[in-house]
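Below: a set of structures, written as structure tokens.
Two complexes are shown next, each including subunit A; its partner changes from subunit B in the first to subunit C in the second.
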Partner chain A sequence: MPSTTAIIQSLLTGTLVGGFYGLFALGLTLSWGVLDIINMSYFPFAVLSAYIAYATMTILGFDPFISLIFSIPSFFIIGLLMQIFFNRFKIDIFRSLIITFALFIVVENTLSYIWTADVRRAPVGFLGGSLFIDSMYIPIGELIAFFIGIIIVLGNNIILKRTKLGLALRAVAENREASAMWGVNYSRIALIVGGLSMCYVALAGMFIAIFYPFTPSQGSVFIGRIFAVTIFGGLGSVTGAFIAGIILGVAESLAAILFAPSWSPLVAFLLLLIILVVKPTGLTWR
Partner chain B sequence: MEMKVVKHTLYTVISIVVAALILLILPYLGISAFIISFLLSVYIWVTLAVSWNILSGYTGYFSFGHTAFFGSGAFASAVTDFYFDIPYFITIPIAGAVTTGMAAGLGIVTFRLRRLRGQLFALTTVVLTSVSSIVVINNWGDGIVMHSVKAFWPFISIPHIFYTLALILCIASISISIALYRSRLGLNLFAIRDDEEAAEAIGINSFKHKMIAFCISSMLVGFAGAVFGGWLKYVWPETVFSLNYSLFPILMTILGGMGTWIGPILGGVILTTIFQIVAGGEAILNNIILGSLLVVVMIFLPRGIFNLALTGYRRVRTPLRHPP
Partner chain C sequence: MQEKNQENTVKITRRRAISSAVAAGAVVGVGIVAGLGGYFAGASTGGRVETITQKETVTVGGQTVTVGGQTVTVTNTVTQPTTITTTVTGTVGPAKPVVIGYTLPKTGGFAANGVIHDIADQVAIKRINDTGGFLGRPVERLVYDDKSDISQIPVLYERLITQDKVDLIVGPYATPFIAAAMPVAEKYRKVYIFDSYTLPKRATYEFAFSSWATGYNTDIEWPTLLFEALQNSAGKLPKTLVVVHNTHPGATFVASGVPTVAEKFGIEVLDVIKYELGTTDFLPIATRLKELKPEFVLQGGLVLDESNLRKALDKVGFIPYGHSSLWPAVGAVLGLGPLGDGLISQSVFEAHIPFTQDAEARYFVENYQKLAKEAGLAYWKADTQSGTSYAMFQILREGVRGSNSLNDEDIGNWLKRNKVDTIFGELTFDGPNNYGPMKTWIAQIQKGEQIVVWPPDYAKPGSKLQYPSPLAKGY
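Up next is the complex of A and B:
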């Protein structure tokens, strides 16, 4: 049985890593909940963002956050283009699954064509270090990701609750046809949400480069966790995704110290199955 | 009418048996080892495509779990062979049992859902794929070298044994697929695909039917994984848990024609031949091309070659009495 300090430490680390999971799940939960598109290609695109951050650090020698200057606008445009494509061919949810799965394979293989399958480890400097406070280690990179996640969740909630755009978004999520009757331009909302989701993917991908050594197929490592978080949080619910991410992070890190770490990926899957049995609608429904 | 149906069934059985016998004696006619191994991969891919069609084509529930079942089948066979010294031929049914168990466990949870059932099912199969591959990589990441298969007859070589196994598996899955297509069970599955609420309203137990289709489908994939693993002899997570085993059966079935029994066979043969032609090139480039092909097929040919041909045929001729 591990000591109390170890358990508190793993609770802390789990919470911070969970914030990162929540951040990653934001794009997916928005496009699934609002647009009815399950976009699996977000995972390799996040890895693409990680490679952009890696290139910024190694070739240009800048801070990884500088890479966001390149990746956020370009990802926004990619998201727009993808959404224009989905709108043009009237892709429903099942065709979107297959098409984005095909895109998943295309993007992942393009990444391994450009950067080869070697494992990369970004020179992250102080971001990889930890603060040592009162016998607890607080990883700096994870702490930053956690606070960025909180800021984004708060910002999103303000937009959703206070602005006209947020009202239109909630209307589309609830009933697309009815909202169209009240004058909501669906394709414009869809473009905004598609682009915004990709921006969150770019942000989460940059943290992959900071936290983990990665390969082009790193995206598939997150599939289980992020889908579990998305479903647990409730589709389209930003706050729910963030809270679910924290719960998953804590459950995983507790499982890693209580049982063998090699089985910890199963935690996400078991959590997903339990949610589906107990409460398939997740924490909050929109 | 009754007589005609019986006759039709008889013709189908006879043609399957004749085709099976011809293919079975093929290796003994002095055909090159290259063709034998090509045909073997055709059988494996057709088995995967047909089994994908049994669940997803017939019931409309999209599965991305073929990679999970294929890899788990191969590893179940390899682990029992290597660590427990069980003869290879007995590990094949064990692999099938393991994957059927996985499918049953997943199905019990996801097929009970009332809302978003198709989407959540598809996603849980994606999650199953990623989780099973990570667990296997964590535990047996260096791969397992299987014991050599002992030939029971002196004159049948090892490649011939695997050729025969793959052929039997392929013929069996095609037969199951046809039998389902023509039976009442299959009819119920199509009803679930077209409108699940309506199907339940007329008294079809959709949970039971979906479970049966999912278990049959994943069992066949488990067998295929075990045969493929035994053929390679060295089972490595990165080869058997490749996402291609999820992608290509989908591509084959949609290209050939989803929901028909002949579609996955057509698509499987066509695409495996294409793989063989482009095999000299780089695997990465091939995957990029095939992924893009799937996007194009999904948009411009969603009903597949066979349905396209059937529509064209019907335009010029009277309707087929028993469309395959």
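Up next is the complex of A and C:
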């Protein structure tokens, strides 16, 4: 039986690791919940961001956060272009799944072509270390990801509740046709959300480079978990996704320490199953 | 003698001499065409006078002869009494290549190692062709991308054998995939050589041969060798250990033998921790290890697991005195910098003496590393992954040449009876499930380089296993 310290430690690290899951799910939940686009290509695009961070560290010798100067604007533009395409051809939710899955393969193969399928591990320095308080540890990279997630959630809530853009976003998420009747320009909102979602993907991708060794197919590792977090958190809810990520991270961590690490996926997805049966809308009010 | 010849010449009529000479000329022509078909790679036209070097069944209808897929015209001119000039006209293309079909994960989760195997195989095929091909015919690969998807394997191997009609097959990369193709190979009685299979007790097909000499009882032999290395090379055994392994069948198999062997060496096994294949978050495992504080962590992992656990251990503030694994992606461990130092793993080949004392091993190292660098691989050194892949084609090459046949059963039977020289030594296939003795050694990362440290016959000169690790902390 693990000690109380080990259990508390697992709660702490599970929360921080879960924060990263939540951060990763932000793009998908916005795209799926607000735009009815299930964008599978976010996963290899996140890996592209990891490669940009890797190149920033290994070629330029800069901190991985500098890579965001390149990746966030470029990802925003890619998100815009994708959304222009979706708007132009009136892509519905099911076709979006197929189209973005094709894009998934194209992006992943392009990454393989450029960087080969070889494993890369970025020299992340202190970001890969921990802060120690007595026998407890706080991993620095995960802590930063967690706080960035909190800042995004708070910022998102302020925008949603205190700005006209937020009001329009909520209206589109609630009922696209009705919001149009009240003068909301869906196409414009969709472009902003599409671009913003990709910015979150860029951010999550940079943390992949900090936390893990990776290959072009690394995005596939996260598909199940990020879909679970997105659905669990409630489609379109940034706050819900972040909290769902934390719950999933804690559940996995506790299962690993109390039972065995091989139980982690089972416990996490069992939890998801139960919540979906009891409350199919996840953590949202809808 | 000269007189006798002169006498015979007088007795043979002109018509009979021409008739006999044409018949003899046809045989000569057949031989010439067969020789041409077998030995000339480039297209050629015009007349030639050649020596018979090879017999082959052909159809001679008038003066048109078909050999090895080539059609040429043979004209025999007889000059009395004994001189026959044979002229071959028409176009003689390259000899029909021998095609070896298989799959590799060029995309998907296993692609990181797939690219290593692909490059090693290119080098092996070039070597085969540079040394005469298979029975005088050039050799080509037909490689499908299995996308790291095991469900594709039986379908693609069926296609290779029944639709593409490849001459020979070899195995794909990684244990589950090799296992998936084995029933197809067995169904069509194809000789089946593979390079990275870790379940020797399940390789029951009579013509299945592993280039990786794991030995039949690797679950016992590998931990025994590891503890012998600690005892003899490092001079110290750990008192306690924890086994950490993933759900990969090969890793599970090897890990299953560790507690029994550890007991024999007087080592207490504190726990056996099992985790899912594909785990990325190793912090809970590292936290558990920090609590248990074993002197040695014996990890049954592969590819990225070791570097992920090593990183997580550093994050929790606990590094054990010793940490061994099975099949890590060496590049990922080296990417950890000094933190990767001391990790022990299995190896059959490293690019250093004594392995590179073999001429073909040097050829392999030079050519593989050149291509791997050109391909942009972060870790471009020749090692176990690439070595076993190269050796797979060495074994096939020796099987074909030794049996002088492209018939699968001939090759398989020859391999069972003979020893094969590979870049990591002589292999035999005369034990259970065609496994010979284990020839898998103890390697360790030391000062940013993976080297073999045990046994002495294969260790890099002057090296020894470093234990306990100077990086150890958290006790």
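Everything that follows uses one rule, which is that the second predicted complex is superposed on the first by the 277 of 286 C-alpha atoms of A that agree within 3 Å, B and C clash if a C-alpha of one lies under 4 Å from a C-alpha of the other, contacts with A are read in each partner's own complex, and residues count from 1 in each chain.
Here is the rule we go by: a residue touches a chain if its C-beta (ideal position, glycine included) is under 8 Å from a C-beta of that chain, and two chains touch if they have at least 3 such contacts.
Keep in mind that what you see is a predicted model, and the values were worked out from it rather than measured.
Check subunit A with both subunit B and subunit C modelled on it and let me know: fit or clash.
Once subunit A is superposed (C-alpha atoms), there is a clash between subunit B and subunit C.
If we overlay the two complexes on their shared chain A, which of subunit B and subunit C does A:T13 touch? Say first, second, both or neither.
Second partner only, subunit C.
Under the stated touch criterion, which partner chain does A:A228 make contact with: subunit B (first), subunit C (second), both, or neither?
In the superposition, A:A228 touches subunit B alone.
Could you tell me if A:G128 is touching subunit B, subunit C, both of them or neither one (first, second, both, neither)?
Touch status of A:G128: second partner only.
Check whether A:M40 is in contact with subunit B, with subunit C, with both or with neither, and answer first, second, both or neither.
first
Identify the partner contact of A:T4: answer first if only subunit B is touched, second if only subunit C is, both if each is, neither if none is.
Neither: A:T4 stays clear of subunit B and subunit C.
Which partner does A:A102 reach: the first (subunit B), the second (subunit C), both, or neither?
In the superposition, A:A102 touches subunit B alone.
Between subunit B (first) and subunit C (second), which, if any, makes contact with A:S112: first, second, both or neither?
both
In the overlaid three-chain picture, which partner chain does A:P139 touch, first (subunit B) or second (subunit C), both, or neither?
A:P139 contacts subunit C only, not subunit B.
Can A:L272 be said to touch subunit B (first), subunit C (second), both, or neither?
Only subunit B is touched by A:L272; subunit C is not.
State the stretch of subunit C that overlaps subunit B in the combined model; pick it from 134-142, 170-178, 224-232 or 404-412.
Only one listed stretch clashes with subunit B, namely 170-178.
Does any part of subunit A touch subunit B in one structure and subunit C in the other, and if so which residues?
Overlap of subunit B and subunit C footprints on subunit A: residues 109, 112, 220-221, 262, 265.
Which bits of subunit A are touching subunit B when the two form their complex?
38, 40, 89, 93-95, 97-99, 101-106, 109-110, 112-113, 220-224, 227-228, 231, 235, 262-263, 265-266, 268-269, 272-273, 276-277, 280-281
List the residues on subunit C that touch subunit A in their complex, please.
Touching subunit A from subunit C are residues 106-109, 111-112, 114-116, 148, 247, 273-276, 278-281, 283-285, 287-288, 290-291, 303-304, 307-308, 311, 314-317, 329, 331-332, 335-337, 375-379.
For the complex, give me every residue of subunit B touching subunit A.
Those residues of subunit B that touch subunit A are 62, 64, 106, 109-110, 112-116, 118-120, 122-124, 126-131, 133-135, 138-139, 243-244, 246-247, 250-251, 254, 282, 284-285, 287-288, 290-292, 294-295, 298-299, 302.
Please give the residue numbers of subunit A that touch subunit C in the complex, ascending.
Subunit A reaches subunit C through residues 2-3, 5-6, 9-10, 13-14, 17, 108-109, 112, 115-123, 128-130, 132, 137, 139, 211-213, 215-217, 220-221, 252-253, 256-257, 260-262, 264-265.
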